[in-house]
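Take a look at the structures below.
Next come two complexes built around subunit A: one with subunit B, the other with subunit C.
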Partner chain A sequence: MRLLQSTPMRRVLGLGPALGIIGFFMVVPIAIIVVFSFMKSNPYGGVNPEFSLEAYKQFLFERNLMDELVFNAAYLRIFGRSFLLALVTTALCLLIGFPTAYYMSRQPARRKNLMVFLVTIPFWTNLLIRAYCWILLLRDTGIINNYLIKWGIIDEPLTLLYTNFAIFLGLVYTHIPFMVLPIYARVEKLDFNLLEAAHDLYASRRQLMRHVILPLAAPGIIAGCLLVFVPCLGDFIIPNLLGGGKHLMIGSLIQLQFGGSRNWPFGSAAALILMSFVLIAMMIYVWGPGRKMKPEGGA
Partner chain B sequence: MGTSTTSGPNPAREKQFVIGRFPGFATTSWVFLLYLYIPIFLLIIFSFNASHSATIWHGFSLEWYLKAFANDDVQRAAVNSLIVAFSATVVATVVAVFAALILARGGRFRGRGLSYGILMLPMTMPEIVTAVATLSFFTAIKLDIGLGRVVIAHTVFCIPFAFLPIRARLQGMDTTLEQAAQDLYANEWQTFRYVTLPLLMPGIISGAMLSFIISIDDFIITLMVAPAGSTTLPLYIYGMVRMGVTPEVNALSTVMLAISLVFVSTSYLIGRKKQAVTPKK
Partner chain C sequence: MPKPAIEIKNVTKIFEGHTGHPVTALDNVSLTIDDNEFFTLLGPSGCGKTTLLRLIAGFEYPTQGEIVLFGESIRGLPPQQRPVNTVFQHYALFPHMTVAENVGFPLKMQGQQQDEMTRTAARMLDLVKMADFGDRMPDQLSGGQQQRVALARALAPQPKVLLLDEPLSALDLKLRQEMRVELKNLQRQTGITFVFVTHDQVEALTMSDRIAVMSMGRLQQEGTPISIYEQPVNRFVADFIGETNFIQSTIAGIESSGARCTIGPGTTLGTGATAGKGKGDAVTLAIRPEKIRLVKADGAAEGLKGRVAECIYTGTDTNYQVDLENSDVRLVVRGRNAITGETLFKVGETVVLNVAEGAARILAD
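Showing the complex of A and B:
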């Protein structure tokens, strides 16, 4: 007997509203920016409905006074910088996140649940507020500098805010739960007998890690890396607030096109390029090495 | 916890070689948790600071909370945030319940994987992409309904957050009670209304609460789609943070942190009741 018989009619009625809302207000909008990206920009905002490849050309070339296309690496540099930033953040998150996830999984059940909860909470708090916490700490007249001066450890405030150090501190801070949780989900299911067997066969600690734990944790590590890398790539709040917005990131580049500098086609094209990176990352996840071990449906 | 092999007088706490324990992992974990929480605790402490300086401690005071609550702009932003979060949560949760019922209980059918993919789309898309796409769409169809634009945008990204706990609950649910109800001649509607729905309730509440905080906290999408006059709390805080660090921002941020904390904890506790409600066979 099947509860709630699944008839085609019911499927349509049940899934319809949810899929309709997302389809109409998310899939259609994405289709619209695809169209926008092939149009000419209107300096007063929006687009002029004429076909043009200008937006995509603009990534690599600019027009000089004679209206000729000249190579311009400025936007490539923005993409490169965002990539580098996301890559370093991912590496740092893995470096801290893996030991933490593994250590958590080896704790007694009660403490394990508490630690998972503690790692999850920041995810549910406002991103701005988390960035603001660091501003409070790192500013020239912030908590760290004020107290270091008060206690006579330094005379001049250290420049902490608006540095690369602050950007990484903030990026790791806001993204690391996405690294810890998927890895934890994997290593938590790790069969302890395997470790014992390896140990009985004279595996050293290093060999245990390399040949038993890491291969089994790999799908979690891959998932974690993607979940950190992808949002990092489009992040602009942290680089703006903690980095002082000295360097443009993909995210801020997109945002600016729809705000002050108003080139919607170019902004749309940039958003689509960012989106295609995400799709590639997702394909790596779905069809990549972790496929067979991934539970059906995911998440 | 180091890895010293000295056999101390207390054999219970003796640290000999333990399989699967690695040096430095424990330290990393605890340092990591400190790194996660120290900034938040400092923010909370300094929101009670009795001085105009936001970063030197002078004594306890509720002054900044009173100031923040009395501020007309803050009140307006808070009302906007609540309207948006409430509407988006209600719609997202209702449609998520039906979608979850079909996807978790409906067996296999064509388009199941695709439906799941579309439901998860708002979660996987970078927020800035969703934000500019939604803005372009609203502009293209000339949809000018003030706060309604924010409500629509929020409903979209709340759906997966409402959906996941509901589906998880359905998947972990024991169907024997429902079968018993049907054996006792309950029709399908009665079974759903009096057995399935009450059992599903913790998942629904949990999903609704997660949607609510995701909406209350959203910044990037709101920044792009909100027309002038539809400021929400995060937008207001952003405006103030850009002007500098003030104790009022500390107080306001602490209030928002507290809201998130209460909601996540409740959602977590309700989710944990699962074992008590449906005993495993």
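Showing the complex of A and C:
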């Protein structure tokens, strides 16, 4: 029993399950992807166990008829488009999510709990089903267009489905809880006295928001942005279903390589490149300059 | 005559409770607070003193009545437009700012230049003896230090009135005693009107120029510490401030200096002013324990006789409980101990009680 009481031993035992799960369910698959990305593709699926850098070359170059490597920006463009999409979605989620979370946090306790519950309701249904519901709502003969025509607001159906609007709508809809909840968790703990103190010390509403509420909510905002940005970047269900797959996104690209294109090494390489971008972004967040506060510091 | 700093005119505040029952926090309170005064709102929790402070600060608005600041009504003005600052009970320092940034905050909000702001913040921190702590974060400070920073921050924009909401209640006794002296000095140095809210009568008596005693949303008495202590107008004030013996009695006759009251068969006591009561009225008498002197009953001494029922030694003094002869009244009497430290009377001893003239007060209600 003495062994169990010593702190290092306890720490190992305490962390054990978490380390085991992360090690097994994250490190192992990633290791497999890394190995695959350095192999040759097998046209019938899977990989040929031969070392090759072909997958990484393919990301930036293509082979012309003379079998020479020529720079090809197509995949970079897909990455750029996906980043932009994720960035805009994150910004929209923040714009809608912050006021929502702030409003929720200022309600009486019972209403607060109800609202948190309501925010989590979409999680109860599978994403695919919800995406198909949006198709029913948005298509030319969908519910929205039907009613708009019935009420005489429009004569011709609006093209809603398979547009950028539909993609953003779907992405914001599916990701907004991930923005609202971390911000809510942070803002809810905010000491109301601080807000009164700021007003008392001559801060206007705008100054209060900028100098007190936003800095104190920052850890929640950053967490929310990461939780929205990262999954958005790799999302392929919404761009495919609501965007009609007109423009390839990273997520769809990777999915294609493991599906129709049967190019597992390239799919693995694309996945790793995506992951390294995300990691770099997170490192900037963790070690970046100008951060006075620890994520858990403050109120 | 100088303008009063704050005039509270017939202010009533009713809160709509969660359950739908309105709660009257303040009931028709009128008060005048003079400029450069250390004014204390004293009362038990729930008496409305903090509500009154919040109304002055602008965090709440009165349901009825008006508050006038230096001759101008501040009706409807939000807190940021009132030349009044608050020191909060739990300090409310901004956790994401350094001490110096906290103190500079109000100046920044007012649009002051950076260098002027830095200078003022430094001067304020100096004033509260925290000059070396400007770069610290609030959570690196002790409670007493945070309190000083909160004071400096509230004083930095040079408010006309400083509101203090039980600022010392979270500090330990030693620190509290120190801060009492410092607060009083700070008020004298700055010449700013202080409105201080507390439930601690010692704080109120030691620091204030004037005190308003409140209970159940009503103003009970207003006056200097001495007048509040020596001439409590009612049972609540007499009981809340200091220790008091209450005696139920009847006025037996009116005398030139006051009244003579019956406190037992054949036992009477001379009192101070009659508070409008007449012969035959049932009244409550209040006597402070230290206004009664015990003398050995050796035949020569005249006055009320009693028997010591209990002695409680408290260091410099002993509190005696004395049962009066021919009466079922038991009085608490505080007596100095002998210079050698011994208590002067023992349990069971018969004593004579000398009640100073006017020490027994007839309470108005």
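Everything below uses one rule, namely that the second predicted complex is superposed on the first by the 249 of 299 C-alpha atoms of A that agree within 3 Å, B and C clash if a C-alpha of one lies under 4 Å from a C-alpha of the other, contacts with A are read in each partner's own complex, and residues count from 1 in each chain.
Heads up, the rule we're going with is that a residue touches a chain if its C-beta (ideal position, glycine included) is under 8 Å from a C-beta of that chain, and two chains touch if they have at least 3 such contacts.
Everything numeric here is computed off the predicted structure, so don't read it as measured data.
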| item | value |
| --- | --- |
| Which superposed partner A:88 touches (first subunit B, second subunit C, both, neither) | neither |
| Touched partner set for A:173, first subunit B, second subunit C, both or neither | first |
| Touched partner set for A:199, first subunit B, second subunit C, both or neither | both |
| Touching partner for A:149 - first (subunit B), second (subunit C), both, neither | neither |
| Subunit B versus subunit C as contact partner of A:108, first or second or both or neither | second |
| Of subunit C and subunit B, partner touching more subunit A residues | B |
| Subunit B versus subunit C as contact partner of A:207, first or second or both or neither | second |
| Which superposed partner A:128 touches (first subunit B, second subunit C, both, neither) | first |
| Which superposed partner A:191 touches (first subunit B, second subunit C, both, neither) | second |
| On subunit A, the residue positions that both subunit B and subunit C contact, one per complex | 196, 199, 297, 299 |
| Subunit A residues within the subunit B interface of the complex | 1-6, 8, 10-11, 13-15, 17-19, 21-23, 25-30, 32-33, 36, 45-46, 96-97, 99-100, 102-104, 106, 115, 117-122, 124-137, 139, 141-143, 146, 150, 173, 176, 192, 195-196, 199, 205, 208-209, 213, 230-231, 233-234, 236-237, 241, 251, 254-255, 257-258, 264, 267-268, 271-272, 274-275, 278, 282, 297, 299 |
| Subunit B residues within the subunit A interface of the complex | 19-22, 24-26, 28-29, 32-33, 35-37, 39-40, 42-43, 46, 53-56, 91, 94-96, 98-99, 101-103, 105-107, 109, 115-116, 118-122, 124-137, 139-140, 152-153, 155-156, 159, 163-164, 175, 178-179, 182, 188, 191-192, 196, 210, 213-214, 217, 219-220, 223-224, 234, 237-238, 241, 245, 249-250, 253, 256-257, 260-261, 263-264, 268 |
| Residues of subunit C that touch subunit A when the two form their complex | 18, 57-59, 78-80, 84-86, 88, 90, 92, 94-96, 105-106, 108-110, 139, 153-154, 157 |
| Residues on subunit A engaged by subunit C in the complex (per definition of touch) | 108, 191, 193-194, 196-204, 207, 211-212, 215-216, 292-293, 297-299 |
